[in-house]
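Presented sequentially are two complexes of subunit A, the first with subunit B as partner and the second with subunit C.
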Partner chain A sequence: MLLNRDTSGRRWRIRPDGPGKVTGELEYLTDLSLPNMLIGRVLRSPHPHAYIRSVDVSKALALPGVHAALTAKDVPGLNRFGIARPDYPVFCEDRVRFIGDAVAAVAAESDELAELALAAIEVDYEPLPVVDDPERAILGDSPLLYEEGNVFHRNGYKFGDIEAGFAAAAHIVEETYSTPRQMHTYMETEGGLFVPGEDGRLTAYSPTQHGFMDRMQLSRILAKPEEDIRVVSSPIGGSFGGKDELNVQPYGALLALATGRPVKLHNSRWESVRAGLKRHPMKITMKTGVDAYGRLVAHRAYVIADKGPYSTLGAEVLNFATEHVVGPYRFKAVDVDTVSAFTNNGMSGEFRGFGGNQAIFALEGQLDRLAALLGMDPWELRRRNLRRAEDPGPLGQPISVTGGAGQVWASLEGSALWRRRSEPPASAPSAPWLKRGIGAAYVMHAAGLGVGIPDPAGGRLQLRGDGKIEAFFGYEEFGQGLIASLMQMLIEMFGFAERDIVITIGDTDVVPDSGSTTASRATSMMWQSLRRLRGPFAGKLLEAASRALALPAETLAIGEDGIRGAKDGRLLLSYAALAGAAGQPIAAQTHFSYPTSPVDRVGAHYMYSYSAVAVEVEVNTLTGRVHVVDQYHAVAAGPVVNPQGYLGQIEGGSSMALGFALTEDAVMSGGHYLTKNLDTYLVPTIVEQNGAVTVDAIEELPEGDEHGPRGLGELGSVGLAPAIAEAVYQATGKRASKLPIDPALLQEPIRFN
Partner chain B sequence: MAHSHEALLRSPYVWHPICAREAWHLKQEIDAGAVFVAGGTLLRTQWEAGLVTFPAHLIDLSGIADMTGIGRSDEDGRGWRIGALATLAECRSHPGLAADFPLVKEAARVIAAPAVRNLATIGGNVLSRTGDMATALLALDAELLWLNDAGTHSEPLSAWLDREREGISGAPGLLLAILPSAFLGVSMISKTRRFCAFHKAGRREAFIPPVVNVALNVAFDEGGAVADIRIAAGGGTMIPARLAAAEALTLGRVPDAALLAALHAAVNEEYAPKPDPFVGEAYRRMTAANLVAAALWKAGSDARASGEEGEPCC
Partner chain C sequence: MIERAPISADPSAKLNINVNGREAVLDVPPSKRLLHVLREDLGLTGTKRSCEMGRCGACMVLVDGKAVNSCLAMAYQCEGKSVTTIEGLSEGGLTPVQQCFLEEGGYQCGYCTPGMVVSVTAMLANDPSPSDADIEEALSGNLCRCTGYGGIWRAVKKAIELKKEQTG
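Entry: the complex of A and B
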């Protein structure tokens, strides 16, 4: 079904948090203030790599209006954080390893005083050689970030006889692909308000993708029981993976406890660029062989990722790339070798797509180059090698069976955009230097955290005393439309009216731990939760109504505003009256885990979504600049929970992919950012995005499917870049293997006949 | 220390002169510690980046009426006077100015984004030296009207930019207004078939400083040969300049393939860009040459298509 406002009919709803966000009236957590609050600031290293000889905060502390100046020795608990492996120093003790590293933090009565205080802190550094190239970092003669070496993580996967495969190949393509250090560029930079309570508790109003993970990490840092910490984490002005890890929270929490006063921190864009996470830059070298018929006979991939100085989720991202460089194709032999290297560059970490974007750009580039060598239609080459529904996953693991791979292939093949490729252009280009081309790419993208990683899910429903149905989930709203999707499911799965429902998320004091809002998992886990809760919760409501009304439960139904007659739909008992009559709370809770593949391979995934993307570009050969004029996305991710949310994820994801392909790169030199702000780090504007976007949502799932809606949050951000690269090739005959595409590659001297 | 806190918290002093002469005197009195501010859109990025220190005194020009507005400069209605405080949004939407000087409108159209254009002034853009407006105005023989201790006087924009390029930097006064040449307006000289074009290439399609910008202002004679031409180019950190050798090459010649190829080579040679970490010099040269050659090619074909009546092509 082509998904848009018209085809969605009455399912196209105004999202509950929409008006506040569009008008700017909504108060985000970083908008919060308290009358007696202090301003917190962090002193970060000016050096990418240095020993710290000494830190002296006494002059800062002596300034009137400065209430705290903290360093490593002021951390009562673990002076480290990190979701997967806590090796990121809250405050560096004796060594800094990148220019975002924190050495001290201050709390003062104004922003200006806090800045003065930072300037008054005396730090004696001894600079060390800077490791700024991941390839050189893992050679024997490189300076080391850690005694154990600069190799942070390795992975690999192989099957079949790779050399025999290459020997039998009719064509072999070898290419090295490079991808940029992309920044999440959320509109709301990192920040929060940290409030010590009179009861000794601490409340952190600070955006994160997993409130309970923050609470656990803060507990470890503060040496304070988790129950004494409350994390309020929604609404969030964008995250895209970038706020899943702790950022300012340790400093806010420590400063608030040290001063006994509320402390607010809010990164400037400059500080956000300097300290924040980025997408791992990867260099991917592939050698892929194909026989004369177009069967993929051998595929070798070597991935090297620029980790930056600390772990966060870098190992998981590399594992994901290891899985996705194999992708949806039936290779005869595969040999994948991946490595992530510590460097003194910026911190890399979790980012929408999670290593898949880099892997798929390279993999799809290989398919397009092989098709050209074979003289074969690139989509036909994919068809000849595409996985079947029952095939194992990319790592040989059992995965949930869907027909998605074939469905999106067929949808794109039949799309008007793709058909236009073989037709003569409808009109001549408006100028001789404008060249058009069409390309396509294929995406198989995993969701969930994978084997061996705790991946809890769940939620709670409750009838409140005032008659509202309250839904509690531990997920976060960061713009993706989670509240709207949950609202829509509650309406459509239970029959409530929007006015009956209250949604409570993002507060560790009241919500259950539903796991992280990450890895394209929240909507499918909410759907699973509601499916599990529907019977028990509806049963309890009807049972209580049956008692209150003295009518058999089977004659009653849940509906808008209250309990209604099952046959005539007449309102018999409002939810408020039901709450009053019941006398005790009516609630139901569920807790389960994200489904995983039954294999013993950490990180292997079970649930996949599929998409196929076609794109038409116009290249201006005077300037080498590329404009995307039309996009078609075929998506197979199960039922559409919320049409607007679904479209938003695909369109929004594709806009990030557009930046990844054409404009975005946080450029570093010698461990320093050259792109320090949004005047040189360039996200696409509305002008880049004024082309059409068509989305075909393929909802069909095999009969008896238990899993329902699949992950969608990352899928749209993956396929556009390789499709653009192929479209550019079709337009200009030039292959771009490095992103963002350099206009100088596509520029040609103007010629006149 | 307490005193400096207080000073810090109270700074800057903001002065609100109500006439240009008062503004100039304030600047002379306070001297180095004072900075004129109009829209402030560029200054604030420089302060934030630490490129210049935040001044102790700001002289707010926004209350000076005779530096605002866009209007005819003389009674016979030939010239235009663009107040230095005219916003880029005003330059972009002024119907009379656009009819005579589409280059000004087109340059204003592609600078920054709507919110910036509503604040930013044409005077600020020109004095920044590296915005798009100076390139467009160079192709219009624009003059700058300065106020200083000696009173008001005008000088060609190109003369001031030449001094800047030679490192004799600094504005010789307070910029009051910008005066494009009355003889180069499109409507003044339609019989000579005058065409103009402004092209900009940046690292993004909008809201981006120019990597390269070029402005063309050309008139053809009845035989289709170039009768009069101005080619200006800028971009990056270079100070925009007329491309005199390229201009001279085209005079008296019809823009055929041979001339365009020669022009391409001449621009590539004469244009003097400065590379930065993001865009190299070769790309900048090629872009300028391509954009100039394409603009003259299009002007030539538009001239042939339009017959006797000239039309702006930008």
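Entry: the complex of A and C
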């Protein structure tokens, strides 16, 4: 189904959080303030790598209006955080390993005073040699970040006889691809308000992707029971993975407890750039062989990722890349070797696409190069090697069966945009230096956290005393439309009216732990939760109604505004009256885990979504600039829960892929950022995004499928980049293996003849 | 652009400013950014803070009817001016522009949205039927990281159509 407002009909709804957003009334957590609050600021290292000889905060503390100046010795609990492996220092004790490292934090009566206080803190550093190249970092003679060495994580995967494969190949392509240090660039920088309560509790109003994970980590840092901490974490002005790990929360919490006053932090853009996560820059070397018919006979891949100084979810990202460099193709033999190296560069971590973006850019680049050598249509080459529905996953693991791979292939093949490729251009380019080309790419992308990682899910429904149906989920709204999707499912799966429903998320005091809002999992997990809750919750409502009305439950149905006659739909009992009659709360709760593959390979995934992306570009060979003219996305991710949200995820995701391909790179030199703000870090504007975007949503799933909607949140951010690279090649004959594509590569001297 | 007001040498000088139709006299340093005056002194947090260097448009407000990055305007430059923020625009209920953003899904996280709505409002006040190139020019200073601008294009087109229907 071509997805747009018209084809969605009545399913295209106004988001419940929309009015507050378009009027500016919605308060983000960084908008909050309290009358007696202090401003918190963090002192970060000016050096990418150095020993700390001493830290002296006495002069800062002596300033009137400065209420706290904290360092490592003021952390009562674990002076570390990190979701997977807590190795990120809240405050560095004796060594800094990147320029985002925190050394001290202050709370003062104004931002100016806080800044003055930071300047008054005396830190004596002894600079160390900077490790800024991941490839050199893992050689024997590199300076070390850690005694154990600079190798952070390794993975790999092998099957088949790779040498025999290459020996049998008619063509072999060897290429090295590199990808940029992409920045999430959520428009709301990190921040929040931290409020100590009179009862000894602490409330952290601060964006995150998993409130309970923050609560657990804060509890560890503060040495305070989890129950004494409340994390309020939505709404969020964008995250994309970037607010998954703790950021300002430890400082806000420590300062609030130290001063006994509310403390607000709100990062400047530069502080956000400096301390925040980025997409792992990767260098991926591939050697891939194909026989004369176009069968992929051998595929070798070596991935090296720039980790930066601490773990974050870097191991999981590398594992994801290991899986996705193999992708959807039936190779005869594969040999993948991946490594992630500690450096003193910026901090890499989780980011929409999670290592798939880099892996798939390289993999699709290989397919396109091989097709050119074979003289074969690149889409046909993919068809000849594409997985069948029942095939195992990229790591040989059983995966949920769908026909998605073939469906998106066929959708793209039949699209007007792709067909245009073989037709003569409708009109000559408007100037001789403008060249057009069309390219396509294929994406198979996993969702969920994978084997061996706790991946809980669940939620609760309750009829409140006032007759509202309240849905409680521990997921976060960072713009993706989670509240709208939940609302839509409650309406469509239960028959409630929007006015019957109240949605409560993002507050650890009241919501159940539904797991993280990451890995394209939340919508799937809400759908599965509601499917499990439908029977029990509806049953309880009807049972209570049957008692109140003295009518058999079978004659009743739940519907808009209350209990209705099953046959005539007449309203018999409002939900408020039902709540009153029931006397006690009616509720149902569910708890389960994200489905996983039955293998013991950590991180292997079970649920996949598929997409195929075609793009037409126009290259200006005078400036070397690439303009995206038209995009077509075929997406197979199960039923469309929320059409506006679905479309938004593909449009928004692909805009990030456009930036990844053409303009975005947080450039570093010697461990320092050269791009410090949005004047040099270039995210797409409306000018770059003025082309058409067509989305074909393929909803069909095999009969009896239990899993429903698949992950969508990341899928859209992947395929456009390799498609652009191929379209540029078609336009200019030049292959870009490094992103963002350097305009200098595409510039041509003007010829007058 | 904002015209320069004479710089007062008196540090205790007050800022006289009309915000959303109400006169205010504020005790703020002359170099304080309008963005911070609005958010901190007046509690008008619909105006957002993001780059603080005039690149993202999250802080866009109307100053005497023209779209201005409030992060680049200092208090003294606003002396005697009329400022309209997103809160001011919304005072009489949803404007047609806001209604179009709602219906077409011209937002996701919503953090860029107040600034975007202000810029679109200023654009349409200036020219009720802008071309695509005019729209690009008027909105190229408003970054949106979430939507890929698809919904924003739809909302703007719809708002133009509505304007035409109303006036035509």
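Some notes on this structure:
The rule is simple: the second predicted complex is superposed on the first by the 753 of 753 C-alpha atoms of A that agree within 3 Å, B and C clash if a C-alpha of one lies under 4 Å from a C-alpha of the other, contacts with A are read in each partner's own complex, and residues count from 1 in each chain.
Note that in this section contacts are C-beta pairs under 8 Å (C-beta built on N, C-alpha and C of every residue); 3 or more make two chains touch, one makes a residue touch a chain.
The structure displayed is predicted, hence computed values, not measured ones.
Taking subunit A as the reference chain, the count of touched residues is higher for C when subunit B and subunit C are set side by side. By the touch criterion defined above, A:V687 lies against subunit B and subunit C together after alignment on the C-alpha atoms of chain A. Residue contacts after overlaying the shared chain place A:Q747 against subunit B, while subunit C stays out of touching range. Of the two partner chains placed around the shared chain by superposition, subunit C is the only one that A:R15 touches, whereas subunit B remains out of contact. Shared-chain residue A:G481: touches subunit C; no touch with subunit B. Using the contact criterion defined above for the overlaid structures, shared-chain residue A:T185 touches subunit C, although it does not reach subunit B. Within the superposed three-chain model, A:N677 lies in touch with subunit B and with subunit C [touch as defined at top].
By the touch criterion stated above, A:T623 is placed in contact with subunit B alone, subunit C being left untouched. When the shared chain is aligned, subunit C comes close enough to touch A:G648, but subunit B does not. Contacts of subunit A with subunit B, set against its contacts with subunit C after fitting on chain A, overlap at residues 677, 679, 684-687. Those residues of subunit B that touch subunit A in the shared complex are 1-2, 5, 8-9, 45, 48-49, 113, 201, 203-209, 212, 256-257, 260-261, 264, 277-280, 282-283, 286-287, 289-291, 293-294, 297-298.
Subunit A meets subunit C in the complex at residues 5, 12, 14-15, 17-28, 30-31, 33, 184-189, 235-238, 240, 266, 268-269, 478-481, 644, 647-648, 651-656, 658, 677-679, 683-687, 689-690, 693.
On the subunit A side of its complex with subunit B, the touching residues are 63-65, 110, 112-113, 116, 270, 431, 433, 621-625, 627, 663, 667, 669, 674, 676-677, 679-680, 682, 684-688, 743-744, 747, 749-750, 752-753. Remark: subunit C residues 39-40, 43, 45-53, 55-56, 58, 85-87, 89-90, 94, 98, 101-114, 117, 132, 135-136, 139-154 touch subunit A in the complex.
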